[in-house]
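Down below are the structures I want you to see.
In the two complexes that follow, chain A is the common piece, with chain B as its partner first and chain C second.
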Partner chain A sequence: MIPGIEALAVPLLVLAVALAVLVADLVVGEAGEAEAEHGPRRGVGALAAVGLLGALVATWWLPVGGEVLGGAFVLDPFALYMQRIMLLAGALGCLGSIDHVDRAFPGRQGEYFLLLLSSLLGMTVLAGARELVLLVVAFELMGIPLYALAALQKRQDAGVEGALKLYLTGAASSVVMLYGLSFLYGVTGTTSLPEIARGLAQGVDGGPLLALGLLLTLAGMGFKVGAVPFHMWVPDTYQGAPTPFVAFLSVGPKAAGFAAMVRLFVEGFGPLRDLWWPLILVLSVASMVLGSLMAIGQDHVKRLLAWSGISHIGLLLLAFGLASDQGLGLLLFYLAAYVPTNMGAFFVAQVVGRDGDDTLPAWQGLARRSPALGGVMLVFLLSLGGIPFAAGFWAKVLLFWAAWQAGMGAIVLLGASLAVLALFFYLRVARAMFIEGQGGQAPPVGLPTAAAILLCLLGVVGLGVWPRPFVDAAIAAAGALLGG
Partner chain B sequence: MSAFPWLSLVVFAPLVAALVLLFVPAGSRSTTRVVAIASTLVSLLGSLRVALGFDPAGGVQFRERYPLIESLGIALDLGVDGWGVSLLLLTSIIIFAGAFATWTLQERDKEFYILLLALVCGVFGVFVSLDLFVFFLFYEIAVLPMYLLIGIWGSTKKVAEAGPFRFLFRLLDVGGKEYAAMKLTLMLLLGSAFILLGILGMVDAAGGGSFSMEALASADLPRGLQLWAFPALWLGFGTLAGVFPFHTWSPDGHASAPTAVSMLHAGVLMKLGAFGVMRVGMVLLPEGAAAWAGVVGVVAVVNVVYGALSAMRQSDLKYIIAYSSVSHMGVVMLGAATLTVDGWNGAVFQMFAHGLMTGLFFALVGLVYERAHDREIGNMGGFAKAMPAVAVFFTIAGLSSLGMPGLAGFVAELLVFLGAWGGPMPWWALAGILGAWITAVYVLRAVRAIFWGQGPPERYTHLHDPRGPEWVALVVLAGCLILFGVAPRLILDDIDVATGEHLAPVTAVAAEQVTP
Partner chain C sequence: MSLAAGPPLVAWLLLAAALFCVGVYGVLTRKNLVAILLSVELMANAVNLNLVALGRYQGELLGQAVALFGMALTVAEVGVGLAIVILVHRRRQGIDVDELSGLSG
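Let's look at the complex of A and B:
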């Protein structure tokens, strides 16, 4: 028994779920090969979703503060908070995928959910990784399954193009990041982030090599989270990949990327904040502006959500760059608000676009065909737009408030103006749903998808009406990281 | 003071009704209307109770306080002063009348009432919030449902089908309801961005611990902040109040909106803007207000005259009323800019009077349009023969609009002009009176063109007077116009007390600046 192994509880739980899925798939696969479409394989996804929800609940009984592998992995409040967000994203992603995978990839349920869980395993490790090598390994564990998942719709040109773009940029960014990390190791002489911080605090002068290393690492991370100018893969991949997987892709790896950035830049290179902070600010502003502007003209809802996601990454980067208790806390809260909002929007998009048409005309009259779906989507859109009593409002307004207090009034003004602009393209979807088109038959919604959408709705409305405990928890988690 | 939460009752009754309506089956017309009207009646009775129980000694009354996010100093803090009481009363009268005015709505009526009631909750909330954050929340709730209300139920009249830019106008859907809805929403939300900026700046400068208006009023905010926060708030709230040149959403929006929404929007929502400028901008930022009052006043004069001239130029009935709202809201801002007791009393009373009047106007326009399916006054004439009651009510509203003594509009305009005359810039009063004169021209012209003369033309076969519930809106609104015209002190006393409390710091600052 490794001492302190309970710190690895969350990754181990995810691993257990993944193994259970593997075994279950093998067992039912033998039995039900002939009737793959309706056979017992359908239960595989449910097993994954329930397992992850169970793991999420179990995190409330975990002892916080443990270390393992010589301090390379830590379960501090920050890691736990991130892992909860990831588990939530994973569970929702599995739940929302069940219907789609059964219909689109019959007989391949096992590999879909196994890949998704492997990626999730990498994320949960990443949340607590305090050592460069572990960080890289976890990053790859997270990334490689995503390439395969993105390529599942291999018979469609858009699917192949999106997957290839994700793969090529992902692989290139890994190389760039590794190159940067090698500089960092070379300058500081250690791969342990706390030791790097200690060294820097004692006055180790890295010089230009250190700056180059930070720049390259940041570029690599920028690819992963999809920040401008490293965003080119995002719209194409979102367009071509299976929609429920995109729901997961749009939040899970982003959360993990930010976890890694916080570990690396705040915990490790926090003393050099003056060096990297302007870079983050540039990425943040560029992402906000370009994401909002490009989303205006999109008629393809998944591409629209992709560009709007890029602008949200800009806001997250702003919170990250503040690097204060409050700033990081709001980064965490923003992620918590973003997960149900964005995933919910993609799940509705999956229902609407089940025949392969994701353009705005397919959304026309949705509110009359299915008032429930229209209303729920409106809530998600308003939350994305930052309208009161939805989770996104608190995320945005608290972030602007923190930025204001940090003396960045100009950026707050820019962000607020862009938020108004963003409402234009969110309202275009609302217009298609509510104002245009005629009634007709409601699109069919499977039970698991309905459950996933309902959970997202609960999250958005719950955070919107009563954000306080979540804000406090997020700020406490961030405070623990900075204080300890 | 009773401990019963009257203000919560008024504010949240519409919201509860909206939630109840979610579960009412879509086909049941009568249930939908009963629930909607019952909730507006509850709000009306509640605000009457507040108005009657209001202690004329002044101060904030009917206070309720529930902490929301203590670490940030945000609380649901409700209470009314004399201004709040009068505007609360106005809102509940208008929405009560508005619920009746849309009795005949056929299409998707359940969704309509849900959105309308949610909007009303926001309006009530703004008038009674003492916490700036919650104030802002309610403000947003009041603005947002408008997009769908206009977009779905608005009229699809096309304008601008001619001219060198018609291809561009067609491309942008100019004149259509979608265009009007989007323009209105984006302009007002850009305004809210400025409001949020101003609010955050104020709270930050006051130490950041509280969003309470009382705390901010006593915080002695630095002059530098006041000098930029006031114009931010003025532009932000002013967009909703129709301040020139940010009024352009209002004619399009009001002309495209369905009857009850026009009533509520012109009657109450624009007052949110003016109320925000005065209650948040001027009261909390006295130095900023004193420094910028000249600009505010000059722009208000432009509003009054330009709005009236624009109204004179229109031939579409709804556009006439919409531009007259722009002009009359200029009177409100003019009164506010005088920084005098009379001016402020007049401004608040004008909000009240104009709300009633314009509500009546839009209710009548809705009736005329529903029967005639036309809004071009050039095509009309002689309607008084077929619909005498409508003609009478329209004339009452028109006379109030042009400031006929004995109607509420006169009291308000007289006070504003007195305030302007006694204020720093007496010529403002002359400009205001010029506006009132132009108003007389276009109102009387419209009345003549619609109701008198030859006619009605033969193709209008379905003209008839109001029926059943439609009477309620007209009688209530016209009755209030006369009642408060004859006995303005019913609410003017309450307004006056609050004005005294709010104006004191502003005059103190203004006096300091005169004698340094």
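Let's look at the complex of A and C:
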């Protein structure tokens, strides 16, 4: 028994669910070959979703503060908060995928969920990684299954093209990040982030090589989270890949990318904040502006959500750039609010676009055909736009307030005016749903998809009406990270 | 293990940087997907060279260990990449990236 192994509880639970899925797929694969579609294979996805929800509940009984593997992995409050966000994203992603996977590639359900769980395993490790080697390995464990997942719809040209773009940018950015990290190691002489921070605090002078290393690492990570100017893959991949997978892709790796950035830049290179902080702000402003402007003209709702997602990345970068316990706490809360909001919107997009058409005309009259779907989508859109009493409102307002107090008035004004602009393109979808078009038959919604959408709705409304405990916990977690 | 036995550190770093730049150039300009993958490989090998040189400068084996990790990861990554390239080839009967422009905007 490795001492302190309970710190690795969440990754181990995810691994256990992944192995259970693997075995279950083999068992039902033998039994249900003849009735591949709608057969017992559906149960594999349900097993994954229930297992992850169980793991999420179990995190409340975890002892916080342990570390394992010589301090390479730590379960501090920040890691735990991130892991909960990731588990939620994973569980919702599995639940919302069941119907689509059963329809699009019924014989390969086990593959899909196993790949998704492997990626999730990498993310949960990333949340607590304080070692450059572990960080790199976890990044790849997260990234490689995503390439395969994006390509699973192998008979669709758009899916293959999107997967290729995700792969090429992902592989190149991994190498760029690794090149940057090699300089960071070479200059500091260690791969342990706390030791790097200690060395820097004692006045180890990095010189230009350290700055180069930080720049390259930031560029590599910018690709992963999809910040401008490293965003080119985002809209194409979102449009081409299976929609429920995109729901997961649009939140999970983003949370993990920010977890890694916080670990690396705040925990490791915090003493050099003045060096990297302006770069983050540049990326933040560029992402906010370009994301919002490009979203305006989009007729594909998935592309629209992709560009709006890029503008949300800009806001998350702003929270990260504050690098205070307020800022990092709001980064956590923003992610917590963003997960149910964005995933819910993608799940509705999956239901509407199940025949492959996700342009605005396909959305026309949705509220008449299915008032429930139309109403739920409106809530998600309002939360994305930051209208009061949805989760996204508190995330935006608190973030702007914290940035204002930190003396970034200009960026707050820019962000606020872009938020008003954003309402325009979110409400364009609402207009198509509620005002345009004729009635007709409601699109069919499977039970697992309905459950996933309902959970997202609960999350959005719950965080919107009662944000306080979540915000306080997030700021306390960030405070513990900065203080320790 | 002292550096006096070979060229100075900066020579190795420059060699690695040159390799890396060749790789970046290849990724940006090559039209053939396999050539792009080869260019990514070139970048990865530049990183490994960098790690080994910097590890030797630090006088420890950690750099070489990290380089080994890097190689294993690159192999896994390229394996998936080649699978995607084969998929593209089957769909399109060609692997020229310029023909892949169905998605844009």
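Please note the rule applied: the second predicted complex is superposed on the first by the 484 of 484 C-alpha atoms of A that agree within 3 Å, B and C clash if a C-alpha of one lies under 4 Å from a C-alpha of the other, contacts with A are read in each partner's own complex, and residues count from 1 in each chain.
In this section, contacts are C-beta pairs under 8 Å (C-beta built on N, C-alpha and C of every residue); 3 or more make two chains touch, one makes a residue touch a chain.
All values derive from a computational prediction rather than experimental measurement.
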item: Partner chain(s) touched by A:97 [first = chain B, second = chain C, both, neither]; value: neither
item: Residue contacts with chain A in the superposition, chain B compared against chain C; value: C
item: Touching partner for A:124 - first (chain B), second (chain C), both, neither; value: neither
item: Which of chain B and chain C A:404 touches, first, second, both or neither; value: first
item: Which of chain B and chain C A:189 touches, first, second, both or neither; value: second
item: Which of chain B and chain C A:431 touches, first, second, both or neither; value: first
item: Partner chain in contact with A:419 - chain B first, chain C second, else both or neither; value: first
item: Contacts of A:173 with chain B and chain C, given as first, second, both or neither; value: neither
item: Chain B versus chain C as contact partner of A:342, first or second or both or neither; value: neither
item: Set intersection of chain A contacts, chain C complex versus chain B complex; value: none
item: Residue numbers on chain C that touch chain A, as the complex places them; value: 20, 23, 27, 33, 36-37, 40, 43-44, 46-47, 50-51, 53-55, 57-58, 60, 62-63, 65-66, 69-70, 73-74, 76-78, 80-81, 83-85, 87-88, 91-92, 100, 102-105
item: Residue ranges of chain A touching chain B (in the complex, touch as defined); value: 368, 371, 382, 387-389, 397-398, 400-401, 404-405, 409, 412-413, 416-417, 419-421, 423-424, 427, 430-431, 434-435, 467-468, 471-472
item: Of all residues in chain B, those that touch chain A in their complex; value: 26, 68-69, 71-72, 108, 111, 136-137, 140-141, 144, 147-148, 151-152, 178, 182, 185-186, 189-190, 192-193, 196-197, 200-201, 204, 208
item: Chain C partner contacts - residues on chain A that touch it in the complex; value: 132-133, 136-137, 140, 143-144, 147-148, 151, 154, 157-158, 160-165, 167-168, 171-172, 174-176, 178-179, 182-183, 185-186, 189, 191, 235-236, 239-240, 297-298, 303
